[in-house]
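One structure follows; several queries about it will come next.
Each chain gets a letter, A, B, C, D, E and F, in the order it is written, and its residues are counted from 1.
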Amino acid sequence: MEVLIVRDRRIDYDGSAIQSHWAYRNFGILGNSLVVFRGKCNVKVEEMIDIEDLRQKKEIKSDDMVHYIIEVFDFPNVLLASALQKLFIAKLCEVLADYGVKTARRGDDIYVNGKKLSISIATVSPVSIKMHIGINVEANGIPEGVEAVGLKEIGINDIEGFMEKTGKALVEEFNKVKRDSLKVRWAQ
Amino acid sequence: MEVLIVRDRRIDYDGSAIQSHWAYRNFGILGNSLVVFRGKCNVKVEEMIDIEDLRQKKEIKSDDMVHYIIEVFDFPNVLLASALQKLFIAKLCEVLADYGVKTARRGDDIYVNGKKLSISIATVSPVSIKMHIGINVEANGIPEGVEAVGLKEIGINDIEGFMEKTGKALVEEFNKVKRDSLKVRWAQ
Amino acid sequence: MEVLIVRDRRIDYDGSAIQSHWAYRNFGILGNSLVVFRGKCNVKVEEMIDIEDLRQKKEIKSDDMVHYIIEVFDFPNVLLASALQKLFIAKLCEVLADYGVKTARRGDDIYVNGKKLSISIATVSPVSIKMHIGINVEANGIPEGVEAVGLKEIGINDIEGFMEKTGKALVEEFNKVKRDSLKVRWAQ
Amino acid sequence: MEVLIVRDRRIDYDGSAIQSHWAYRNFGILGNSLVVFRGKCNVKVEEMIDIEDLRQKKEIKSDDMVHYIIEVFDFPNVLLASALQKLFIAKLCEVLADYGVKTARRGDDIYVNGKKLSISIATVSPVSIKMHIGINVEANGIPEGVEAVGLKEIGINDIEGFMEKTGKALVEEFNKVKRDSLKVRWAQ
Amino acid sequence: MEVLIVRDRRIDYDGSAIQSHWAYRNFGILGNSLVVFRGKCNVKVEEMIDIEDLRQKKEIKSDDMVHYIIEVFDFPNVLLASALQKLFIAKLCEVLADYGVKTARRGDDIYVNGKKLSISIATVSPVSIKMHIGINVEANGIPEGVEAVGLKEIGINDIEGFMEKTGKALVEEFNKVKRDSLKVRWAQ
Amino acid sequence: MEVLIVRDRRIDYDGSAIQSHWAYRNFGILGNSLVVFRGKCNVKVEEMIDIEDLRQKKEIKSDDMVHYIIEVFDFPNVLLASALQKLFIAKLCEVLADYGVKTARRGDDIYVNGKKLSISIATVSPVSIKMHIGINVEANGIPEGVEAVGLKEIGINDIEGFMEKTGKALVEEFNKVKRDSLKVRWAQ
C-alpha cells in the first residue's frame, strides 16, 4: 500500500473521494493507496454512503479535519471493508495512546472523554474497497447535537506530524495484514 | 456469531481444532462461532499453520492457556482472515486496558512489559476462515528463548470471568463488523 | 432472512424496488430480507431488468398483485440469484398445492390451467442478489396477448392470509438452504 | 450440463463419487455433468459429508437405488450448492407428479405418504459443487428406524425410463437457471 | 464462446459497446461472446475506460478499424480481464505471423516495424469481463503524435477474411483456456 | 512477482513443487513468485494434475529440463490459472523468437519443427494458482511415442542465460497484467 501525505495544500472533502480510483485519477497512484490530507468536511447528500445517515437526514461536516482515503483492490467485499475499517480505527487509537491520549473506540468511532473525535465510512465499489476516516482538528462546524472534540483540544498541535505518523502506522498495519495472509498454509 | 464458553472442563489444544467445522463436530454449533476454553497448548508439527514456524522448527506450547477458536463462513479469504485476527487482538488489548493492563500489540501478538502474553494464527479452510488465539494463564511450559507472561502475573486471577468478558467482547466486535457491512450503499 | 408483511397499506411496484438496500432504506430492515406487499404493477422501462423484455418492448403490468421483494447479501452472483428464484417459485407452487391449486412451473413462471399467474425477475446489484416475484390478485390490467389468471379466480380470496403463508414459506425455505450449507464438510 | 445415463451396468455408491472430477475421471465428461446410474448404496463413514449424520453415527444405505451425481464448476460455493440441491429435489417432485405420485418435499428429502423416498447431500470441493441424490427403487436394506418407500411401491416400474426422464428434467432445469442468469442487466 | 462476424454493414465504435450485455442487447447473443465488426473509431470521453488516457486527455480514434468486442461472464475480475486481453493480443500476433507479418507485442499493443497497429482496453462490469480490441485497416484519422500502421499497409487487403480468421482464432483460444481449466485436479 | 533463478545446484522435479507455498517453504519467498531451476523431470503418479494424463497413464519425464514454478495468490481460480498459463507460454515463444527460433504454440505446448519442446500444467490450490512449465534442455529420457526437441538442439546452449532471460520476461509479463488491471475504471 502506497501512502501520500498531502502537505502543500488543503483539500476539502465533499464525499466524492469515496469513488473508485480517486487516488489514481488525482495523484497517479496505482493500486492500494492511502492519501492523507487536511481540509473542510461537508458531505453532499448524493455522496452519502451510510444509509442510516441518509434515513435520519444527518449532516456530516466539520470545519477542519485530517482525512484518510483508503482504497484496497485485493477484492471488493463489504465484510473485509468493514473489518479493515475497525482495525484502522483501533490502530489510530493506539497511535493516540502513544501521544498520551486515552480513547474509547466504539466500532468505527473514536471518543475522547465521551466526545466524538472522528467519523468514518467503509464500502465497496465494483472494483475495490473504499474507506474514509476523518479526524477533527478543531471541533468547529460540527452538526448540532454532536458533542465533538478535535486534535488541538487534546494537545496535538503538530497536525502535519500527526498526519505523517498516522499515515505510516496505517500502511504498516495493512502491510502486516497482507504479509501474514501469505505465510499460512490452508487448514483441512 | 454464536459463543460458547467451556467452563466445566479443560480441553488441551494440539492444533487439530483449526480444522473446519470443529465447533459443529464437537459442540453442535452451526455457522459462525467462537469457542472459548482452557487447557494446555502443544501444537503437533503436522497441525502447524504458520509456515515461518515450520521453517524455523519452532515449538508452540504452554502449560495453561485460555484458547479462542473462531470460525467464519461468510467467505474463506486469507486477507479477511488476517484482518479479522488483528482486529480481535486489538479488541483483546482494549479489554485488557479495562482491567488496567497496559499492552503493546505487534500485529497479532500481545506484549505486556515486553513479554509475550499470547499466540495466534489465522488461515482458511476450503469453506471457512479459522483462527486460534491463545493467552497464557501462567507463563509455564513456554518454549525456551521466549520471554512470556501470563494473566495471573498481570493481576487477572478470575480466569473464568476473563473468558466470559473477552468472549462476549469478540463476538460483539464481529457482529458490529458484520452489521456495518450491510448498511452502506456501494460507491461508484 | 427477516420477513415483513406490509398489511396496512398498498405499495405500487414500478421496478425501483429492485435496487439494492430498498428494504433497509424504506423499512430499516438490515441484511437478508423479504418484503411482501400488495399493489399495482407497472414497470418503468428504465427499471426493466430482463433484457429480453427490453428487446421485445414488452409491458410488465397488472392492476393488483402480491409482490415479493427479496434481497440476499451472502454474495452477489447471478447463478445463485437465478437458482434461488426458481426454488422460491417451486416453493410457491407447493404452497398453492396446499390450497388445492394445481400449477405448472415453467422456470420462473407459474401457470394455472395454461394461464399465467406470476411474473418474476432475479439479478444482482454490486452488493447483493435482488429478486421480484409478482402474483396476480385478479387478472386485470395485464398486457395484451398474455392469458393471465389471478388468485381470486383460483379460489384464494384471503389475500392477506396468502401473503403471510407464502412469506413464511419462502423465508423457511431460504433458512433451510442456508442452514444446510453450513453442516456439510467439503469434499476432496 | 452434459448428462450420462448409465444403462448397461450397475454401479454401487459408496460415497467416493462425491469427490471432484469423478465424472471426468470415470467417463471422460468435461465440465458440468449429471451422471445417472443404478446400484446399491452403502456410504463409508470416511466419505460421509453430512456432519450431522457423522455426529449421530447414522447409516446411509439401501439395496437398490437410482443415483444422480451432479458436478457444477461455475463456482464452488456452499450456498449455491444447497440452493441448487433443493431446486433439483423440487424438480424431481414435479416429475413424480407427472407420474401421478403425490409427494411432500421437506428441504432436500422426498416423502410419499410420510415415507422417505430419497437421500441427498450437496457440498463443495475446492473447484466445484458436488451433489448426490439417491432414490430408492425398492425399500430394502434401509437403516433401521427409517420408514422408507421405493419407486416400485409407488407404481413406477420402468426404472430406466424414470432415469431418462428425470435426468433430462434436471439438466433442463439447470440449463434454464444458467440461461436466465445471463439475460438480466445488473441493478443499481 | 459464440462468435459473430458482422459482414453486411459498418458499425462505428464510440466506446459504448464496452457496456455489459452489449452483444445480447444488439444481436441477441446470450453468454460469452465475440463480435467482430468494421467501422470508424472515436471514443467519447465519458466512455473512456483507461484512466491513464483520461488523465492525459488522449484521443482514441481512427478512420477505419476492425473491432473485437468480447464479453466473458465466468466471473468479473480485472486480473482475469487483463490476462485474457494479453493472451488475445498474443494470439492476434500469431495469426499475423501466419500472414507473414512480423510483429512486436508490448503488453496489449501490437507494433509492426515500430508503428502501432492496434488499441485495446479490458475491464469489468458488475457482471462480466469486457474487452475491446481495434486494429487499423488504414492508418488514417489517428491522433497526432502516434505513429500508426494499418492492415492494408502490411499487405492484408482481404479484411473480411482477416476478420473471420482472427475471430475464429480468438474463440478457439478462449475455448482451449476454458476446457483446460476443467480437466485438472486441484493441488494441495 | 518475485523471481528466483536457482543457479548453484540442480533440483529434480517430481511434481511435488506444484503444492501451495512451495516457494515459501523452500526459499522463503512470500507472495507471488516464479522459481526457475534446472533438473530431471519424473512426475510421480500421485502428483499428476492433468486428469487426462492420469486416465491415459501417460508418463511425464525428461532427463534435463529448465523448470518454472509459478504461484499467484491474487485469487485461486482455474480459468485465471489457465489463461495466465497460455499467456506465459506465448511469452516464452516470443523470447524464443528473439533467439531466432520459430515456434508453434498449441495451447500450452511449444513445438519447434513439429517436435515438442515443453510440458506445462496449471491448476489451483485452495489458496493460490500454481503452474509448472518445463522446457527440455536435451530431448533425452522422454516418454516413448513423443517426438521431442531440446534447447541445445535448437541452438540455445547458454542455459543459465536462457533461464535468466525467460525468468525476467515472465515476471515482466505478469507485472504488466497486474498493473493494467489497476488502471481501468469499471464499465456499466
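Definition applied: contacts are C-beta pairs under 8 Å (C-beta built on N, C-alpha and C of every residue); 3 or more make two chains touch, one makes a residue touch a chain.
Quick caveat: nothing in here was measured; it's all calculated off a predicted structure.
The fewest steps needed to get from chain A to chain E, moving only between touching chains, is 1. The chains that touch chain E as well as chain F are A, D. Pairs B-D and C-D differ in how many C-beta pairs touch across them, and the larger number is found at C-D. Of all residue numbers that take part in the contact between chain B and chain C, over half occur on both sides, making this a same-residue interface. Centres computed as Cα averages put chain C at a distance of 39 Å from chain E. If you average the Cα atoms of chain A and of chain B, the two centres end up 27 Å apart.
Averaging C-alpha coordinates per chain places the centre of chain C 50 Å away from that of chain F. Contacts with at least two other chains are made by residues 20-21, 24, 51, 73-75, 78, 124-127, 182-183, 185-186 of chain C.
All chain pairs that count as touching, in label order, are A-B, A-C, A-E, A-F, B-C, B-D, B-F, C-D, C-E, D-E, D-F, E-F. On the side of chain A, the complex with chain E involves touching residues 21, 24-25, 28, 73, 126-127.
The residues of chain B lying in touch with chain C in their complex are 20-21, 24, 30-31, 73-75, 125-127, 179, 182-183, 185-186. In the complex of the two chains, the chain B residues touching chain A come out as 18-20, 49-52, 74-75, 77-87, 90-91, 93-94, 105, 107-108, 121-126, 130, 173, 176-178, 180-188.
Remark: chain A residues 51, 54-55, 76, 78, 124-126 touch chain C in the complex.
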